[in-house]
Structures are given as structure tokens and as C-alpha cells.
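The two complexes that follow have chain A in common; it is paired with chain B in the first and with chain C in the second.
== the complex of A and B ==
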């Protein structure tokens, strides 16, 4: 069958792209400095949360609520690193290294190349998530009861969340192909807006109503709620409290499938548009 | 041009006195160069609408999230005010880091750095202009954070003296932007790592400066941070002026103001020394015109 060789070829290309990605991401520093760089940002945010909580704990802040926020914040590294990082790949290849046109013209192809580059970012994000959770558990007292962990729904929700991250990463990368200098602003905006809109560290009920509607349409909102319920043992109050675990899982699955289809279609539409507009090698000396 | 035709007037040179006498020298040249660079920064920041949005809105998104976390944890309202003040100040830190610290690196990438070194004015004047222009543009944008705090989160302020606020703010900004001037030469020496360094310094400085919580909560670490980072002391001092006792200040306000003045002098001196070193290095090694170095 011709399918197996083509899959094998795609995997080989993705592996090559991942190796290249690792060289690009990590060759500027020795391993110790690189580790500090990778972990500084998420750990600093985690520490900010922990100090904020410890400061107001005496005023009756609920520890179980905080554990849920801390866990969601740790997993938000995937969104920061992978989803937004894939857009940065396009931006850097075009503006910084001026190699995007060569990648596009190579037999690897942009889609496979981006998939390969995302593997490195997934690895880095996973390290960040694990270290943040370990620091939380051993140093900050952010703990949960392992007996209440629902392993199967947890595994399913993590799979759906990571798939959503990857597909939306493709969509953002496609959008970055069309944008030029403003891609930098869009990517930074998505990083910050997702932190606010997905209710990472607070219940979405605290958002204004129109923003609540947006939040409910995003797969990450459901992913973080699922993580809180199936790992930390407690969901958030308010709107989410009215939903059962099954409903949360179904919402996460549905949103993930819709976004996957939309993202794949959107990526190729953006790519065609970028080619038509001559944006693949357009640098702006930002 | 014939032998008797008048010499053409050159930009920056006094007309009618021959072409060799510059119009500005000494302090006048310093101020003229400062104003010229500040003008470019202000005009440039207004010509890129996406950057206006990113500078004005993005830093406040994080601030909103932290304010809502306090609300979710049932914290007293005064903590929200603490986070709003810190959130507004993040705008300045981002500007110092990216608009000052990483700026000479950008200039090198764009092939303009050698023009700065070849220009007849001091590089300190260029960086001062960059700081003044960046500060002016950032002040306007930080008003978005102030507006969010007042009209969306309804933060309550104590009765405060606008003069005290202005004095503490100016001291904080001078110290902070002087630090940015020092960072700009350091980042340039590090070369390609400038981007990564600026990226890596953002959130850790938010943490060490106690932008979203009282710096006193950090205990001994907070005291150490206050001894290194002007943003830590500046945030605490501004909060003490605006929030009074609710700020849970680290040190008495006059002492913090004195320390900020000390920071300003220290960082202005280190900026001057590091820029002089950078200039010497650039002439000796000839590397500053090479991208990726």
C-alpha cells in the first residue's frame, strides 16, 4: 500500500523539522542557562499566584479553589508555548532568519515543518508543566487527593486539550503567514487574551457577559475546568458548577472537534492567501 | 559648482559661518540630540496603530486576570487596588525592557547602530532621548490601566498629595529608565541572547517587584529585591502615596524616595560607563555592524 510509505516519509520529515527546531530553540545557550530561560517565566507566574493566595489566605480564601487555579495555570504553558509558539515560528523564520521561503519551497512543506517544530515546543511545555506542578506540590503546598483523581476522563481531557492546542497553533501560524509586522502584536495579544478569556485563574462568571460567551466557545475553558475536576477534584463555582462531569467532557470534545476542523481549513486558506499576497518572503525590518 | 559659488548649507551646521562650525555643541548638542531621538520615538509610536493597542491594552489584560483572582479568592478590595497599581506599572517595565534594553540590539539588526556611533553627539544623549520619548508615549498608554482601575474595577484610593505622587513617580521613572539605558548596552554585548534575556526577565521581575501583591509578602526576598530593582521600591512607594496604610509598605516613604534617588544616580553612572565600554569595544573589534553577533 502506498499509504504507509507516505506516512513514513511524513514522520521522517517531521522528525527532521523537530531536530531543526531543537537546534533553533536551544543552540544559543548551555543547557543550564536554557533550562533557566524555559522555566523562569512559568515559575515566576506560579510564584506570583502562590504569594497572592498566601497573602489573602487569612481572609478566608478557599484552598481547594486555589489548587484548581494553580493546576490550570500550569497547563496553560501549552497554550503559551505551543499554540502561540507556532505563530512565532512563522514570524521568526520570515523576519529574523529570512528562511521561510526556503522552507516553503522545500519538499518538507510548511504543514509538516510546523508539526515537527511543534514537537519541540510540546516537549518544552511538558517540562514546564511538570516542574510547575512539582514546585507547587513540594514547595508551595499545592496538593490534591490522588484517590479522587479520575484517570480516564483526565487522560481524555488532556488528549483533547493538547489536540486543540496543536490545531489552533496551526490556525495562528496560518494567520501569521498573512500578517507581516503586526503578527508580533497578534501573537502577544493571543497569549495574554487567552489567559483572561479562558478563566485560567478565576471563574468565567467574573467576566462581563459577552466575554463569558466567548469563553464558553473556547476549548481551553472546558479543558481547564476538566483538569480542575478530574485532577484537583474540584471545579469552579458559578456557571460551570451547574454542569456534570460528562457535560464538561462533551463540551470539551465538541469544541475540540469544531476547532480542529476550522483550524485545518483556516490554515490552508491563510496559506493560499499569503502566497497570493506575496507575504511568504516579505520582511518589514521590524 | 564654480569656485565662487557659496558653500551649500549642511544640516546641523551654522549658515553663513562656513560649513565647518556646527550649530550645536556641548549641552546644546546633547539636548538637541535628546529631543531629536525623543521626537522619533513619540512620532514612531503614533504611526504604528497595532503597537498603540499592544502597549496600551496588553499589559492590562494580565492585570485584569490578577484582579479577578483576588475577587475569586474573596480578598478585601484593597488588594485589587494593589494589583491595579502594579498592573499600570508593568507598562513601564515592558517599555524599559523592550523599548530601552533591547533597542540597541534592534538598531544593530536594522543596520543603524553604526550611525549612532558615527554621529557627533553622545550615545548617552541618544539613549536619554529614547527614554524621554518612551516615557512620554508610555504615560499616555498607561492611562488605559488607570481607566480600567477606576471605572471597571472601582478601586478606592486614599486621600493623597499629587506633589508627593509626582515626586515619587519621577524618581521611579528616572531610576527605571536609567536601568534601561544600562541594560541596552549589556543586551547588545550579549548579542543574539538579547531577545531571550528580555523575554526571561519579564515575569520574574513582576514577581520580585511585587507588582500584584504587597512586597512585604516576600519577606527577606522582598528586601533583597528592593535593594536591586528600582521597580520594587518604586511600586511600593507609589502604592504608599495612593493607598496609604492599605499599601502595607516595606519601608517609610521618605527612605524609599531617597533610595530611588540613589538608584537613579547609580544607574545613570553605570549607563555612562557601559556605553563608553561598548563604544571602545565596537571600534576595537568591529563587530557591531554584523547581524547575529
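== the complex of A and C ==
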């Protein structure tokens, strides 16, 4: 009955949260500093990749492999900025601004709030993806054949990948509610682990067996494989090579759904735990 | 949905509210609330007084949906704080004093406007309301100043104003004037009084360590210690409930060393006055009529009285008596 007005109210609140996000992360006085802030990480990684692969190529490796990893690394900005960023929002609101309890006890709702706050992060990540790809294309020779791009599967996999980014962001934000000072370690850890586990900069075949199993359970591993196949035109060798495009898409879809369900359940479980422990307003750092 | 003001549900109600914090690394558990029963009606300004660690903030956190109780029940405007958090949040606002919270990059006005939007206040109402609040807390001139440029007290005044942007049904003020200068504190107290008077049915739950503040603002006061309500009544009734009488301070000279009582009334001594060489003698007379008799006795003993001042029992006396007495021989609440 009152669905439309309540959706409108939620949208208006999300817009306010997005506005706050822009003030906090985007609206800096100095555009040069700001560009460095959003581009430093992806470009630095891109450069490391370029150096790494030029060394490998000197030893006769397949040059198309580099293109695939370059693309995956560019898109990994979403995980770095949005997913992990949602955890950082909780951490900063509690420890630095000390506003988390006021936001939490207001009718805004953490879902709406976090969704709004992540909108700016999403925009920044998109800028970073585009710039990294442009730098790759024009400066590093990271090119693909536009004629072989498979647009529909590409769009589907990007949609699934972004949805997983958001859902896992909620899960990580929930976890951050429970953690105190250790949230910093966890968030940095997640950033690092995602690089290692998802086939961002090297194929998951190089991982030890148990970690490879973990990697195959994560939606991002499949997302990046899908990007390599449908955009760059070449998948990775090894484990992935045996799978058809359809199988990769199905695995990505399956992992995304599983994590969506897990995130929904997990976020609320974490929130209840945080409220039981009295963590919502517990500052430990400043 | 029943509107809480039409039905006669209390604004705040707790039953057997208990909260235990697990002790960390071998230290014993802390019982912050130990069976608290409160009933606060709509339209009341209700005070929660108690020594440090009494459980006041814990109680407020539970009522603000920030913390689960270990057992017992708490309702705000008839809504259970655990099961109906969303309904509770629509109706409340919280101000904690002594905090430095705020997004440094926002201006004062932006911060207040933003919270009004989180509460869904229509823009047409939010603007003028924010302006009124800024004027009320004396921040109109700083409306466009970034929060990270504010002094501690100014930041606190902004946070105080934030509590009112949603025009909440029930407002929780946890030591709101902590660390504010005398004038600012007095202005805010007057603002609270006016705010409640001008709006029928608005409720304020206040904690403070300033007895005068509680006395001036509160319709009723609960005194709590170690998580239990020791007394709950109007300030006047609390004052009456402890032994009354008259508190007398005498400035005297030439009192014999070690004089500990006069006519059976116990005496406490202050330090000697550095210039005048007099001593301050404090005692409490069961009734004011005995003062002339006491002065004569002192004269007979060769004590010269240079000054006399008296006062009635204050809320502070009542507080100290009630907390000192504890639960053992104090009357049970209600």
C-alpha cells in the first residue's frame, strides 16, 4: 500500500547519503591531488603488471595473457574502492567522525545509507577503470579486437560482478560493525587477499590447491575470467581453459547468487552481534 | 498502527531491564543495569541521576536501539526497542555531550540539514527549522563554517541542535551541557524548557551531573546507582524525602581545638581563612529554630561568631543521602 512513498523516501535518503559521500571523498579543493587519490592504486598496479609481463614475455610467454590481466586489474578497482570502501565507511564513521551511532539510530537505515555512500565510490571506481584502460590502450599497447567482443555475455558478467561487489560490500560493512580496531587489519587484509585469490594479476593455477578451491568459490574470479574472454578475447590457461564460456557464466551467476544470499543473512547477523556487544558507538583509536 | 500520543502508552517504559557486560580477559562481568523499572509519560522532562558508572548511558543506549538488553523489556512510545527498532528510530533523537563528533568537511548548516533529510523532514520545513535552531544555539554566524574549524564547545552546540532537527517525539540528552560555558549551558537549558512547553506531548530523558540543571529542568528524577533505581520522584519530593533541616555555616574565631559537637549537633570544620584567621564551622540543625540557642552556647564557650549563613536541603543533599544510603535501607522505588 505505502510502497511507493516509502521507496521515494528511501531514495531521498540514499541521495542525501550519496551527497555526504561526495562531500567526504570527492569534493576536495585540489583536483590534482584528487586525481592522484583515485588513480594512484590502479595505475601503480598496472605499471607493475607491465614490467612483470615484459620480463615474462622476454622469455617467450604469450603476450595476449598480459592484456587479460591488465583488464582484470583495471576492473578490480570496484572491489578495492566499493567493496572494501563500504567497510571503511563503517570504520571511519565510528572511529573518526564518531557519527555512526547517530546515523544508525536515525530512520535512514544502514542499507539505504551504505548504498548511498557507495554510489560515489562506484563513480570514482568507474573513472579509475576507464582511465586505466585508456592508459593501457594508448601507452602500454593493451589492445583487443573490437570485432570479437561478445557484448551480451560481457554486459551480463559486468552486471553480476558489480552486484557481487555491492553484496559483499554490505557483508564486509556488517563485519566492520562488529570489529573494533582490528577492522583496519581486516580491511587491508581483504584488499590484499582479493588480489591474490581472484586471478587479478596472476592465474589462480599458481595458487596452492586449497586456495585455488577458495578462488573458484569467489564470484570475482569468474567475473575477471569472463572479462578476459568476452572483452579481451582470451581466457587464462590452466584450470579455466577446460571450461566453456557458458560454464564460466553459470559459475559467475551461481557464485553471485550464493554470495547475495550469504550477504543478506550475514549482514543482519553481524549487525545483531554488534548491537549485542555494544560496538556501534565504541571508539578505540582516536 | 496506534499513534502513541492518542493511546495512553507511556513515552518510555522499562521492565526489569538488565544489561550485563562480559568482563574481558578474566575480569568479572559488569552488571550495568540490574532490573530497572521506569515509566516516563508523554510531556515529561525526566532526569536520570547517578554517580559515574551507575548505568545511565547504558540505559539510554538500549532505548536508542544501539545496544541490546541482556534481559527485561524496554519500550519507546509503545514500541519494543529490540523487535520494533525501526518504529522506535522514527520517534527519537539522541544527543551525547562531551563528544567531538561530526564530519569535519561539512559546514554547520549542511550537517544539520543532512540529518533532517535522514529523518525525512520535508525540505520546505527543514530550512527554516535549521535556521531557528542555529539561532537558538548561537551558531547563526557560523552556519557556513566547516565543522573542523569549530571550537569544542561550538561543535557540541551544533550536536545539541542536531538532536532537534527532526522535532522528535522523544529526545534523549546524555549530559548535554558537559564542558559548555556557563552562559551556553544556561541558554540550552532554557531552550529545552521552551521546546517542551511549546509542543504538547514531547518528552525528554536527560542525564546530568549538574544538580541545579536537573532541579531546574526535570519534572521527575530517578536516582540510580549500580544499575538500580534507588528513588524516583519530583525534585521537591526527593528533597523532602531525606532528613530536612537547615544547613548552617558559621565563620568563627577562637574555637577550642577538637570541638566536634555543640549541644549534641555534629560539627565539621573547614580550613582556616588565610587572611582573617577565622575557621568555617558546618553543621546541620534538625530545625531552624535552634539556631539562636546554638549561637548562645558558642558565645558562652568563648567562640566569636563573625558570620552566619544558612540554606535549605538541596537536591545535591538528597542525592548524596540517597546514593550513600544505597538500596539496603532506602525505600524501594514506587
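Here, the second predicted complex is superposed on the first by the 279 of 286 C-alpha atoms of A that agree within 3 Å, B and C clash if a C-alpha of one lies under 4 Å from a C-alpha of the other, contacts with A are read in each partner's own complex, and residues count from 1 in each chain.
Quick note on the criterion: a residue touches a chain if its C-beta (ideal position, glycine included) is under 8 Å from a C-beta of that chain, and two chains touch if they have at least 3 such contacts.
Here the structure is a predicted model, which means the values were calculated and not measured.
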Touching partner for A:143 - first (chain B), second (chain C), both, neither: neither
Contacts of A:19 with chain B and chain C, given as first, second, both or neither: second
Which superposed partner A:48 touches (first chain B, second chain C, both, neither): first
Which of chain B and chain C A:40 touches, first, second, both or neither: first
If touched residues of chain A are counted for chain B and for chain C, the larger one: B
Which of chain B and chain C A:203 touches, first, second, both or neither: first
Contacts of A:99 with chain B and chain C, given as first, second, both or neither: second
Set of chain A residues, in rising order, touched by both chain B and chain C: none
Touch list for chain B against partner chain A, complex: 48, 50-51, 53-54, 57-58, 61-62, 64-66, 68-76, 79, 110, 192-193, 196, 199-200, 202-204, 206-207, 210, 212-214, 217-218
Chain A-facing residues of chain C, complex: 21, 61, 64-68, 86, 89-90, 92-94, 99-106, 110, 114-115, 117-120, 162, 166
Partner chain B, residues of chain A touching it in the complex: 28-29, 36-37, 40-41, 44-45, 47-49, 51-56, 59-62, 65-66, 69, 181-182, 185, 188-189, 192-193, 195-196, 200-203, 206-207, 285
Contact footprint of chain C on chain A as seen in their complex: 9, 12-13, 16-17, 19-20, 23-24, 27, 97-99, 101-109, 113, 272, 275-276, 278, 280-281
